[in-house]
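Here subunit A shows up in two complexes: once beside subunit B, once beside subunit C.
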Partner chain A sequence: MDLVANNLSYKPDDQYHLNEVSFNFKEGNLYTILGRTLSGKTTLLKTIAGLLTPDSGEIEFDGKNFLKIPVWERNVAMVYQQFINYPHLNVFENIAFPLKQRKIDQSIINKKVMDALKSVGLLGYENRKIQELSGGQQQRVSLARSLVKNAKILLLDEPLVNLDYKLREQLRDEFKNLFSKGLADETILIYSTTDPRETMELNGEVIVLDEGKVLQVGPAKEIFENPNSLKVAEISNDPPMNIIEAKISDNQIRFEGIDVEAPAHLSKLTEEGLKIGLRSSDIELNENGHEFEVELAEISGSETLLHLKRGDTKIIVSIEEVLNFKIHDKIKINFKIDRAYAFHADGKLASSPFGGLNG
Partner chain B sequence: MNFKHKYFFLFPGLFVLIGILIFPIIFVVRLSLSGWNSYNPGLDYIGLENYIRLFTDDPRFWESFFRLSFLSVTTVILQYVIGFALAHMVWKDIKFKRFFRVLFLVPMMTTPVIMTVIWRTFFHESLGPVNDLLSVFGVAPKWLTDPVIAKFTVIIVEVWQWTPFMFLLLLAGLLSLPKEPFLAAAIDGASPVRKFIYVTFPLMAPISIGAIIIRLIEASKIMDTVYVLTSGGPGTSTETSSFYIFIKGLREFQMGYAASMSFTYLIIMIISLTIIAKVLTKVLLKE
Partner chain C sequence: MNKLYIFLKYFFIVVWTVFVVAPFLWALTTSFKDFQSVNGGVTYIPWVDFEPNLEGWKVLIKSPAKGGVDIIEPYFNSLFVTCTASLISIILGTLSAYALSRYTFKAGFVKNNDITFFFISQRIMPPIVLSIPFFLFLSSINLLDSLTGLIVVYIVLLMPIAVWIMVDFFNKVPREIDETALIDGCNPYQAFIKVVLPNSIPGLIVAGMFCIIFGWIDFFFAFILTFTEVQLLPVKIVALNSSVTPWWSLSASALVSVAPLIIVAFIVERYLSKGNLSGAIK
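After this line comes the complex of A and B, so read on.
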């Protein structure tokens, strides 16, 4: 049973929330919608769920026109980024709610709810009030509520974004476990996120969305290795990929008075306005490297993010250890240039180290 | 904070409180222990005589009290149901929402006594437009002179007059509800009807309790409608407690006896409203 969308558009004001979005989701698969905030992720999920009606386009599920079916008959489940539960019900009643909407035996409901509680690790909490739970627990309740239905389509709208760092890590692992157990072979799982790392870890089919438009579709690895444009490269990397305006001539990449020998996959690109893309993790500290000035050094967790400057070129370097730098310190860095990307002036990928569009 | 003159600043408020609440209550209690009437106006002391008379020798008071209970409970239930229906209707995005919201409030903005006079004209048995219309079907109910129908006439007028207040409280409640549970309920497969039963109604429970209690207190004081519409008649069939106390105290001038009735009435109301509030909380909030 496939979920197929054709040219979905939604434009409630002067901006497109969805712009000609098409996709073909197959059952038993995990799809990740990656995009920055306000890129239309939530709108897309709401449209699939039936909470929004698109201005044009169509959605078909199992060969039937999905847009003609009211929300409550669509058999979808959704987890929202704000943990949405029923404040007047306790944990058990919350999870049982979707089952109570159908004529199901109480004993079966009990069993299913208990199973769901177990799978999200909340056994023993069934009589608690929702308000007495922490954010992470509340989100687990709403996850359990969406699992208990055995819905054909499961929508997860940035489910981890409002949680603190620690809980996010923990719940992300639990999600992966749940998904890998194969929720049910006939489920279509759609997960939206702003976090490239989450996308890579979930390792599903990725749809990159920006300003309501689909930019690229492909497996997570493919998106990571061969982003088809500058935009995708920015969206799918955190911190965003460094973009350097450079010139290539005589087998040398030149910018800000630096000459770096061009690797084989870049050496033939001699056009004007070329942009070189390099991940923040592909730059390292090196005594014999090129001198840059520190603009800002932030320590996040166990890594240090250095915002560096040389002339008009600004780059971000991430280093896997905690280092203390002062502003205006001069440091020397080296580029792992064989891992550099090149983009045409219009933003399209020119060449990638993984073999996309060589030359 | 230790501030020497705080009592000085508390005094104005305290003075008003004593003047308008504490003194009247104490005075009523004292008055109820006296035989103050038109022959003997004065605060003499006759012990519990008034109370003994009330509890052993005055079925009319108790009849009026039970009649009042019936009238107020019935009107409040009707007001709640109709008020909720109207509020729910204009809560959603419908056409002319603002117009309807204001329209439903109009009865509350009218003067009750004057509206009751108009209703009395409406329900007049031979000259009123209601019976004029009903004559098409060949019926002519005695709206104001039949002991049973007159009660329902009072209920109709009360419901018309005060449903808007219930509507206002419930609409405010509906508008303050979080939107998220409704999104979740739709996705969880709840049809609009089930959404109302399992989400809207339970979420509205605390507000409902408040609105019902407020209206019960107000409805128990019903006086003007009865006074103008039927004057408690026919006979005593629409006489309520407050109206009976008014007759005894201010028409027959049995001040001492009226005071003992007022005080008894106050105690009964406090007890019964407390019980009603508890029961409603238990039923609606499951606590």
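After this line comes the complex of A and C, so read on.
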């Protein structure tokens, strides 16, 4: 049973929320929609659920026109980024709600709800009020409510974004377990997120969305290794990939008075307006390196993010240890240039270290 | 500093309480007094200052022929009109408010906010402006001087309050809750009844309270639109001129007339202080 969309467009005001979006989702697969806030992820999920009607385009599921079927008959499930549950019902009643709606026998409901509670680790909480639960537990309840239905399409709209760091890690692992445990066999799982790391860990098929447009579709590894444009490279890296305006001549990459020997996959690119992309993790501190000035140093977790400047070039470097720097300190760095990407002036990928469009 | 703060806090609470309660106390003691105690200077403590009797209260239920004032019929008229009009206003108002909160209406330049404002604008006009149209309208359908006519007019007056409060309330209930109900298999009517309404009880109570208060205390329309057949309590009480009706029964009738509002206020206060107002919606 495939979920197929053709040229979905939705433009409620002067901006496209969806712009000619097409896809072909197959059952038993996990699809990750990666995009920044306001890129149209939620709109796309709501369109699939039936909560929004696109201005143009078609959605078909199992060969049937999905747009003709109202939400309440579509058999989809959705988890929102805000922890949405029914506040007037307790945990058990919340999870049982979709089953009661289908007039299923009470004893079957009891069993299914208990199974769902067990799979999200909330056994013993069935009589609690929703308001008595923490954010993470509330989100588990709404996940349980969406699992209990055995819906053919499960939509997860940034389900972890409102949780704190630790809970997010923990729940992400549980999600991965759930998804791999056969649940996915006959379900189409669609997961939207802004977080590139989450995308890579879920390791599904990725759809990169920006301003309502699909920029690239492919397995997570492919998106990471060979982003087809500057935009995708920015969206699929956190912190965003550093973009340096450089010139390549005589086998040297030149910018801001620095000469770096070009690696094999970049050496043949000599055009004007070339942009070099380098991940923040592919730059290291090195005594013999090039001098940059510290503009800002932030410590996040066990990582230090350095915002550096040299002339007009600004870059971000992430270092896997906690280091203290003062603003305006001069430090020396080295580029792992064999991991550099090159983009044409129009933003298209020119060459990647993983073999994309070797030029 | 802290002690001064506590002292000032309780000082003002006490002053305010005296200010609010004193008139009631005065009316209460007066209602048990006879002629001599009323005219014998300031007295408050029964059995010490004066000898209490029930004459003032007995008069309330006696028929005018026996020297009473008979407020029982107006009392139940008022209860009936207020409760019926409030109930209908709440039902219609809640439905309108939900539609205004969740769906987009457009007729030329008229949009949702304009419709909401139209409802409220019914309350902006001074009542005197509305009195003549209401009078002509009721007389043309033969409902002057009848309970039904009063109910119709009160619905016009009370429904804007219900719409206004409930639109605001529904706007604070996340749409995602309705959407989740739809996804979970409810059609829009079931989503409203099974999910949205149970989470809107605090709003319904507040709206109901305001409808009952405004319906109960209305004098103007009850006065203009009724003559001899039907009389509502506020009109009746104003008609108890003190030169005819003694002070003690006037006090008793005043207390009886505010009693329902005090009861409503206490119930609502109990309910709201239990923390049920915020419900669950973060």
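In the analysis below, the second predicted complex is superposed on the first by the 358 of 359 C-alpha atoms of A that agree within 3 Å, B and C clash if a C-alpha of one lies under 4 Å from a C-alpha of the other, contacts with A are read in each partner's own complex, and residues count from 1 in each chain.
As a convention for this text, contacts are C-beta pairs under 8 Å (C-beta built on N, C-alpha and C of every residue); 3 or more make two chains touch, one makes a residue touch a chain.
Model, not experiment: these values are computed from the prediction.
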Partners on subunit A (subunit B, subunit C) - clash or fit: clash
Touching partner for A:Pro87 - first (subunit B), second (subunit C), both, neither: both
Which superposed partner A:Asn177 touches (first subunit B, second subunit C, both, neither): neither
Which superposed partner A:Val71 touches (first subunit B, second subunit C, both, neither): both
Which of subunit B and subunit C A:Arg145 touches, first, second, both or neither: both
Contacts of A:Leu51 with subunit B and subunit C, given as first, second, both or neither: both
First, second, both or neither for A:Asn7, with subunit B first and subunit C second: neither
Touched partner set for A:Arg102, first subunit B, second subunit C, both or neither: both
Subunit C clash site on subunit B (candidates 131-139, 185-193 or 275-283): 185-193
Shared contact residues on subunit A - subunit B and subunit C: 49-51, 70-73, 76-78, 80, 82, 84-88, 97-98, 101-102, 142, 145, 149
Footprint of subunit A on subunit C - complex, ascending: 174, 176-177, 179-187, 190, 195, 198-199, 279-282
Touching residues (chain side subunit A, partner subunit C) in the complex: 46, 49-51, 70-74, 76-78, 80, 82-88, 97-98, 101-102, 129-131, 142, 145, 149
Partner subunit A, residues of subunit B touching it in the complex: 178, 180-181, 183-191, 194, 198-199, 202-203, 205
Sites on subunit A touched by subunit B in the complex: 49-51, 70-73, 75-78, 80, 82, 84-89, 97-98, 100-102, 142, 145, 149
